[in-house]
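Remarks on the structure that follows.
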Amino acid sequence: MTALNHSHIAAKQPERVVVGPPPVKIQVRGLNFFYGSNQALRNVDFDVITHAVTALIGPSGCGKTTFLRTMNRMNDQIPGARAVGTVLLDGTDIHGPDVDVTALRRRVGMVFQRSNPFPKTIYENVAFGLRIAGIRDHYVIDEAVENSLRLAALWDEVKDNLNGLALQLSGGQQQRLCIARALAVKPDVLLMDEPASALDPISTGKIEELIEDLKSRYTIVIVTHNMQQAARISEYTGFFYMGELIEYGPTVKIFTTPSEKRTEDYVTGRFG
Amino acid sequence: MMADPAAVHVTTDQGAVSILSHRRFRFLRHVSPLPILTGFLTLCVVAMLVIVLWNIIAGGIGGLTWEFLTASPTEGMTKGGIFPAIFGTVFLVFLMTVFAIPVGVATAVFLRYYARPESKLARLVRVAVNNLAGVPSIVFGLFGLGFFIQFVGRGIDKAFYGGDLAFGQPAIIWASLTLAVLTLPVVIVTTEEAMRAIPRDYIEASYALGATRWQTIRHVVIPNSMTGILTGGILAVSRGAGEVAPIMFTGAAYYLPYLPAKLNDQFMELGYHVYVLSTQSPDVEKTLPLLYSTVLVLLLLTFALNALAVVIRMRLRLRQAG
Amino acid sequence: MSEGKSVAPHVPNMGPDWQQYSVRPGDRRRDLWMGRLISAIAFSAIAAIILIFLFIGREAAPVITSSEVHQEVTVAKMIVPLETRPGKPKMYLWQPVSETPKYSLPPLLLGSLKATLVAILFAAPFAIGAAIYSSEFAPPRIREMIKPVIEMLAGIPSVVMGFFALMVLASVLKDTFGWKFRLNATNAGIALGIAIIPVIYTVAEGALRAVPRQIREAAQALGATPWATARRVILPAAAPGIFAGVMLGLGRAIGETMIVLMASGNAAIWSPHLTDSIRTMSATIAAELAEVVNGSAHYHVLFFIGALLFLLTFLVNSLGELYVGRLRRRLTGVSG
């Protein structure tokens, strides 16, 4: 319902020499989502901007996770779940008949709320996606594992223990390992569902720094319950309430001069 | 609490009654017949187990020598050992698992990762598995004879052996296939239980990395349910090793001077050996000590396998908990 | 890749090539074929049930349809008393290998009935009692010890139980009660009973445990004694489950073969006494099938008995399952 006001955004980004509207990575129009007869998303219009961090906020149960998971069709897994509407990734309808959902998921990576490394070694966790993709060459895999772990700011902590079990890492390290694992397959977009919600402040800080570093290369969509976090790391923010996208725009605007009363109440902590 | 005199009055009044009933309550608890009666019945069940086990161990332990385990029967089965029967049993259950485990695991994978949980097909498979578990073992024997030997075996003979008898007769392959059908529910149920315990997170992580369904099953589901599959296999083996009725007319032999080497050979088997020796021996007095030892071997085999399954499961639970 | 309908004209199609993310054709093919294979294999359980039904039916059918078999036996002749010698009263006889073979089913049905009856009467009190004890009264440590006992009892192969009944139990019972025959309905029934205790116990204990705590505590809060709580509240709530356990035990007992084959004497006598020998349906098949000529009337009659046994256990088990379902609904409060 509230699609992005593009002129405003263009004005908000002086550092990028962009004339006209910013490039849209994912364009969502008229998205409705149903779990059986229960409607979780109502007519959502949304533009995810390329090489930026977009934050999704809103009270519990408002449909943030559902929205995030429609973007790489993870919800296909759920029996009885159904998405109606268009989701275009670089102009390609992701529900289109020619789109292979596995390829889509390689292109749109995901990090979950609960860190979920496989019960394997650190090395094998990061290498999983590569092996799945059919890469056999040791050197290629070694290099990709190192690069991904460096990107995820975990390399220095685990480089001497690559064959240690992933489940023996701390919670924060496990979550960064999951990020490294997602990065190893070189995705184009990275979806993150409350990646720091279960972590201590120091680990959270590390993940935020990491996201800051990643956004030059990736398009990132992140769900968070932490207002400060959203304000700190994101360029754009969308506020969801009861399955509807109430307001969407540059983060600064959402947090300082929201146009909707409900947005203001939520970001100032008056409800939610 | 003390403020309202009426309330105090009520409290005292009810207190008197409740003390009375409380006394009655405790009094009854001590003589209450139910805990004593049911406790006694439980003790009887334990006693039954102890008596059966004790009798067999006491009767069989003396004859349990190395020679007994490694020699062939001699002198009309009144002397010697039971090696051919042990060998036949092991061969039989080995073949059985070769058939039962892949089919059982595939069925469990289907129920859990391919079928929608409430779909008609999934429900039909579950009903079939349930019913299969309730079919009497002698009916499996009839099925083995009627289907595997008379239909499949004869069919093979007609097609490849010009009608000569090769597979259309009792043989270890048919007995093990029959047992595989019988133990299929055990494998399916145990494997599915193990797969249910795999965190959904692992599966989602795999899909999110762009793994296909088969890759997810091959690299995440199967490795993580290996203990469950193993347990299912062991329980199936323990069950299969103790069954006699399904193999009586599908391949087990009373006595064979050679060990089974080909799939269409007949074989000796521990349980069948026990049955034959105890009902058809010309001189029961003479064979009884050997018989007891054979029963003991069979019992130890099945119990050891069961215990192994219990230990594996317990370790699995502990690992999941911790 | 597909050119999806571009809703807003300003969306540039400038992302990376889909090609670099696509799944290798080999992996896709494997995914497809393994999916088909797994789905096909999943039909084996259904196929097994159907094949059992078909192939036992196929070998049993001649008893009803084949005129060749009818020269020796018909269904009618299997259920009515038979002429033996002129002048003598008609009798039920199971003499499949005499000069004029006789195939009366009633003695076999009676034999199965007697063994099953004794087994249930013997097993139910112990199994249900133990289930009540371990779910209501046993301290946790004792409860933990009962479980392996039951599992071990369930793990005893039936041929071992048959051996024990044949060699030990029969002599003990005969000496104690001074019976004429060592091997009889009671002896086999008791051994059978021991073998089905675990089935009844497991289902009954599950049902008792499934009774919600609140019901229990509410009854005790009202001042009910443990005896009254158990008798008036818990037992009625768990009754369908206990009944289901008994039914499933019954299903096991009817079909059980080795124990009755070894411990019942195998004489097909039309007699009401529980101390006479019996010949059950299952034991008849086990004892005779190895010796019959394939395709003979006798062979088909044995399959016919197998078919009866299959249907009978199927019915009894279904009844048990029905009650398990009913219990679940009652305890979860879903009507239906």
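Labels A, B and C are assigned to the chains in the order they are written; within every chain, residues are numbered from 1.
FYI, a residue touches a chain if its C-beta (ideal position, glycine included) is under 8 Å from a C-beta of that chain, and two chains touch if they have at least 3 such contacts.
These numbers were taken from a predicted model, which means no experiment stands behind them.
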Problem set entry | Arrangement of touching chains [line / ring / star / complete / other] | complete
Problem set entry | Most distant chain from chain A by Cα centroid | C
Seminar exercise, completed: Taking each chain's centre as the mean of its CA atoms, chain A sits from chain C at a distance in Å of 54
For this session: Measure off the straight-line distance from the CA centroid of chain B to the CA centroid of chain C, and report it in whole Å.
Result: 14
Exercise. When the C-alpha atoms of chain A and chain B are each averaged to a single point, how far apart are the two points in Å?
Worked result: 48
Problem set entry | Sequence positions of chain B contacting 2 or more other chains | 210, 212, 215
Exercise. When you check chain A against every other chain, which residues touch at least two of them?
Worked result: 102-103, 106, 132-133
Problem set entry | Junction residues of chain C, two or more chains touched | 21, 23, 27-28
Seminar exercise, completed: Listed in rising order, the residues of chain A that touch chain C in the complex are 6, 20-21, 23-25, 27, 29, 86, 88-94, 96-100, 102-104, 106-107, 132-134, 186, 188
Exercise. For chain B, which residues are in contact with chain A within the complex?
Worked result: 116-118, 199, 201-212, 215, 219-220, 224
Exercise. Mind pulling up the chain C residues that touch chain B in the complex?
Worked result: 21, 23, 27-28, 30-31, 34-35, 37-39, 41-46, 48-49, 51-52, 55-56, 58-59, 125-127, 129-130, 132-134, 136-138, 146, 148-153, 155-164, 166-168, 194, 197, 201, 223, 225-227, 230-231, 248, 251, 254-258, 261-262, 282, 285-286, 289-290, 294, 302-303, 306, 309-310, 313-314, 317, 321
Exercise. What part of chain A is in contact with chain B in the complex they form?
Worked result: 72, 74, 77, 79, 102-103, 105-106, 109-110, 112, 114, 116-119, 128-129, 131-133, 178, 181-182, 185
Problem set entry | Contact footprint of chain A on chain C as seen in their complex | 1-8, 10-16, 18, 20-24, 26-28
